[in-house]
Amino acid sequence: MSGYFKEIFDGGKSLLVGLGITFKQMIQPVVTERYPRTAPKMPPRYRGHIDLVRDEEGNNKCIACGMCQRNCPTGCITIKGEKPEGAKKKVLTFYRLDFTTCSLCGICVESCPTDALEFSKEYNLAGYSAGDFVFDLLKRCEERRR
Amino acid sequence: MAELPEIFRVMAYVGGIMAFVGLNAAFLVWMERKVAGHIQRRIGPKEVGPFGILQSLADGIKLMSKQLVVPAKADPILYRVAPALTMITAVMVFVVIPFGPALVARDINIGLLLIFAIASVNVLALLIGGWGSNNKYSVISATRAVSQNVAYEVPMLITVVTMVMIVGSMNLNEIVGQQGNLLQWYIFPWNGSILLPVAFVIFFICSLAETNRAPFDLGEAESELVAGFHTEYGGMGFGLFFLGEYGHVFVGCALASILFLGGWQCPFGWMPGVHWMMIKTYLLIFVVMWIRWTYPRTTLYGLLNLSWKVMVPFSLAVLLVTAAMLKVF
Amino acid sequence: MSEWAADPSYETFVLNMGPQHPATHGALRVKLRMDGEYIVEAEPVLGYIHRMHEKMGENRTYLQFMPNTGRLDYLSALSYNHGYVSAVERAAGITVPERAEYLRVITVELNRISSHLLWVGAFVLDLGGFTPLLYAMDDREQILDLLERVTGSRLTYCYFRFGGLYNDVDDDFEAGARAIVKRMRDKLPMYHNLISKNIILRQRLEGVGPITGEMCRKYGATGPVARGSGIPYDVRRHEPYSVYPELDFDIPVYEQGDSMARYLVRMDEIEQSLRIIEQGLDKMPDGPVMAEKVPKIIKPPKGDYYFAVEAARGSFGVRLVSDGTNTPYRLKLRSPCFSNVSLFGEAARGMLLADAVAMFGSLDLVIPDIDR
C-alpha cells in the first residue's frame, strides 16, 4: 500500500520536475537564427561548389591537365583546353560543372596540381530547372573580374 | 438582455457562440504555436501580422479553400457527419457556460449535467469519423478514443458529483456565485472537504484525457497512427475536428475554473465579470499546452491503469470523505 | 506463422507501417500482421532506397569511393569514413601520423555524440514528446558548427584521407571542443531529468521490447543494442584500432535488454565520448596530419582485408578484396543497422503497436545504412 502511494508521489514529482525544466527553457532567450533576415556566415573551410581561383591579374591558374575531371567520383566536371600557337602551356577554354551530380567531396580541389580550384561560399542555391545548376566556371571567373 | 424576445436572444447567442468558437480556436492555435515555440527556444509564427497573430487566419483560409475529398471506399454519410457532429457538440456545450453574471445563453438549473451529456457525444463523432474513413489506422484510433473516454468519464463524474454535493446545485451560475473571493474558491480544502485540491487535480487530468490532449492524445498518436481518426480528412473536414478539439479544450478549462476557481468572480472581490473568466480559463489552457509540450504520450494501457487504479479510487475517496465531512460539520 | 495463427477463424489484418510513416524515419516498410493492437507477425521489407554502394565501390578508385561512405549512415559519417580509410590503409600498408589518429578519434567521438543526440530527440518524438528533439538539436548544432569549421561540411564530412586528414584543425578547434564538452556535461542532467526520470517515459520503456543476449548473437546485433542486452562487446575495446588503446573509457553495459537499457547505454556513451574527447585533446601531439609517402594512386597488393570500427550504431566492417589494381575487386560493407533491424521481426511478436514503435525507435535505425 505504501508502495502504491510512493509510486504516485514519485511519478508526480518527476512530472513536476519536467514542467519546471520546460518553463525554465521558455523564459530563456530563443536560439533561432532568423535565416532570411540575417544571413549565416560561412566558415572559411565551407565546401560550396567549386570555383576557379583567380591570380593577381585576374586570370585562372588552370593548366587544363584534366586531373579534376579524372578524379571526380561522379564525373560532374567537363573541361577542354587547347595549346595556342607558340605558347608553352595549355590554356583552359571550357570548364563545366554539373552541380546536380556533385557530391561536394572536394577531391577535385585536392587533386589540382596548380591549386586552381577553390570552394565558393554560396549556399543559397535554388532554381527552377536542372539546367540552372550546370555552371560554366570560366564564365563565372570572367564575371567576377568585372 | 433578458428583456429581448426569446427568439432574438437565442439567435444572438447562437451567432455569438459560433463566432467565439471560431475565434477562440484561431487564437488558441496561435497561442499553442507560440507557447510551443518558446518552450522549444524558437519564436513560433511571426510573419503574418504583428507577432504572427494572423497566421491562423491564413491557415483557416487555406483549409477552407481546399477541396473536400471523400476517400473512395469511405462510408459517404458517416465520413461527412463526423466532423459536423464534433463541431455541434463543441458549440452546444457553450450554451450553459456563464461567461459573466448575466452573460449566459441559457441559465438552466441542470447546466452541469447538460455539459457532460452533450460532451460525451463527441466521442461518438470520433468513432464514426474513424470508422467511416475506412482506414486501419483510423479504426485503431477510434477504438482507443472510445475506451479512453469511457475510462475517464467515471472519475470525472465522481468528482463532479462531489462538487454538486458541496454546492447543492447544478446551476453553473450558482456555483460561481458562491465563490465570492479567493478564500471561498472550491480549490481550497477549507471550503467543504479536505480533499478538494485532489479533486481539482483529478478533474483537470480527466479533462485532459476527455479532450484527447497530450499526454493522452492516443487517438491522434502521430508517430504510431499517423494522425489517428482524422488521417483521411483534409481541408475543412480536418478543420472542423480541429475547431471542435479546441472548443472542447476551452470548455474543459472553463468548467475547471467555474467549479474550482470562482469563474467570473474576482479573487479580491472587485469588478467581477467576463474578463476574470477569460483570464482564468486561458491560464488553465496555457497549463494544458505547457503539459502537452513537456511530456511524451502514454500508452493505452498506461492510461487505463491510471484511470482505474489511481483516478477512480482517489475520486471515490474524495467523494466519501466529502460526504462524511458534510454530514459531520 | 504459428499454428493457432493459421486457424481460419482467427481474424487478423495486415497493417503496412511505411514506406511513408512517421515512426520509420525513412523509406522502410514494416509489414505487420495485427490482432487488434497486438502484433502477430512483423516483417521489415527492405530495399526502398538501395543504391548499390558496394557495386559502386568496384567501379571507382579507392579515393573516389570516399564520399560514398559518409552516405551510408549519414548521422555518423565520420565513423564510416574512419572504417573505410583504415581498411584501405591496412591494405596498402600506410602508417598514419599520431596527430592525425588523435584528430580522427576526437572528431569521430564528436560525431558520435551528435548522432546520439539526434537519436534521443527522434526517439522521444516517436514516443510523442516533441520538445526534447529541439533541445537535442540545439546541442547538436554546436557540434555541427565545430565540425563544419574543421571539415567544411555539416553532415557528409569526407574529412579523412588515406594516410591522414584532409587538413589540420584550426587554432580554435581545441577551445571549441572543450566548450562542447563543458556544455554537454552541463546539459546532460537536464536530459536525465526531463527524459530518463519521467514517469510516463519510464512506463513506456522499462520492460518493453526485451531483446535477449542470445537473440543479439543470433542476428549479429552490435552496438548499443547488444550492450543494452548485456553483451559487453565494443570494437573499440575488443579489436582495438587507432589510438583507442591509449585512452581510458568505459563500455556502458546494461543487462535488462529493454528499450530503457538501450536508451541508457546511449546516454552513458555520450558521457564516455566526452571523456575520450577530453583525453584526446590532452594527449594530442603536434606534428603532421598526413603521412609522407602516400602514393598518388592507391594500389593495394593482392589480398583480402577486413577492418571494423565502432560506429554510433554498432560495428561497421569493411571487407576489401584487392586484385592489385586501382579499384577494389570486391567491397563488402557490414552495416550495423542491417543486423539490428533483422531482429525486429522476432522481438516485436506479441507486442502492442505503441510498444513496437518504442522498440523500433530504440534500435536507432538509419534506413540508408540498412539498404546501402
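So that you can tell them apart, the chains are marked A, B and C in the order they are listed, and the count of residues begins at 1 in each.
What we mean here is this: contacts are C-beta pairs under 8 Å (C-beta built on N, C-alpha and C of every residue); 3 or more make two chains touch, one makes a residue touch a chain.
On a predicted model such as this, the values are computed, not experimentally measured, just so you know.
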Contact counts by the stated rule: is the higher one at A-C or A-B? A-C
So which chain is the furthest away from chain B, centre to centre on CA atoms? A
How many Å are there between the centre of chain B and the centre of chain C, using C-alpha atoms for each centre? 44
Between chain A and chain C, tell me the centre distance in angstrom, where each centre is the average of that chain's C-alpha atoms. 24
So what's the Cα centroid distance for chain A and chain B, whole Å? 49
Among all residues of chain A, which ones touch two or more of the remaining chains? 15, 18, 21-22, 25, 31
At which residue positions does chain B touch at least two other chains? 39-42, 293-295
Please set out, as single numbers or ranges, the residues of chain C touching at least two other chains. 131, 135, 138, 194, 198, 200
Considering only the defined contacts, which chain B positions touch chain A in the complex? 35, 37-43, 290-291, 293-295, 310
Could you list, by residue number, the parts of chain C that touch chain B in their complex? 13, 15, 21-23, 34, 36-37, 124-131, 134-135, 138, 194, 198, 200-201, 203-204, 352-355, 357
State the interface residues of chain A toward chain B in the complex, per the touch definition above. 8, 15, 18-19, 21-23, 25-26, 28-32, 34
For the complex, which residues does chain A have touching chain C? 10-12, 14-15, 17-18, 21-22, 25, 31, 43, 45-47, 71-73, 103-107, 110, 119
Of all residues in chain C, those that touch chain A in their complex: 60-61, 63-68, 71, 131, 135, 138, 148-153, 156, 158, 161, 166-167, 170, 190, 193-194, 197-200, 202
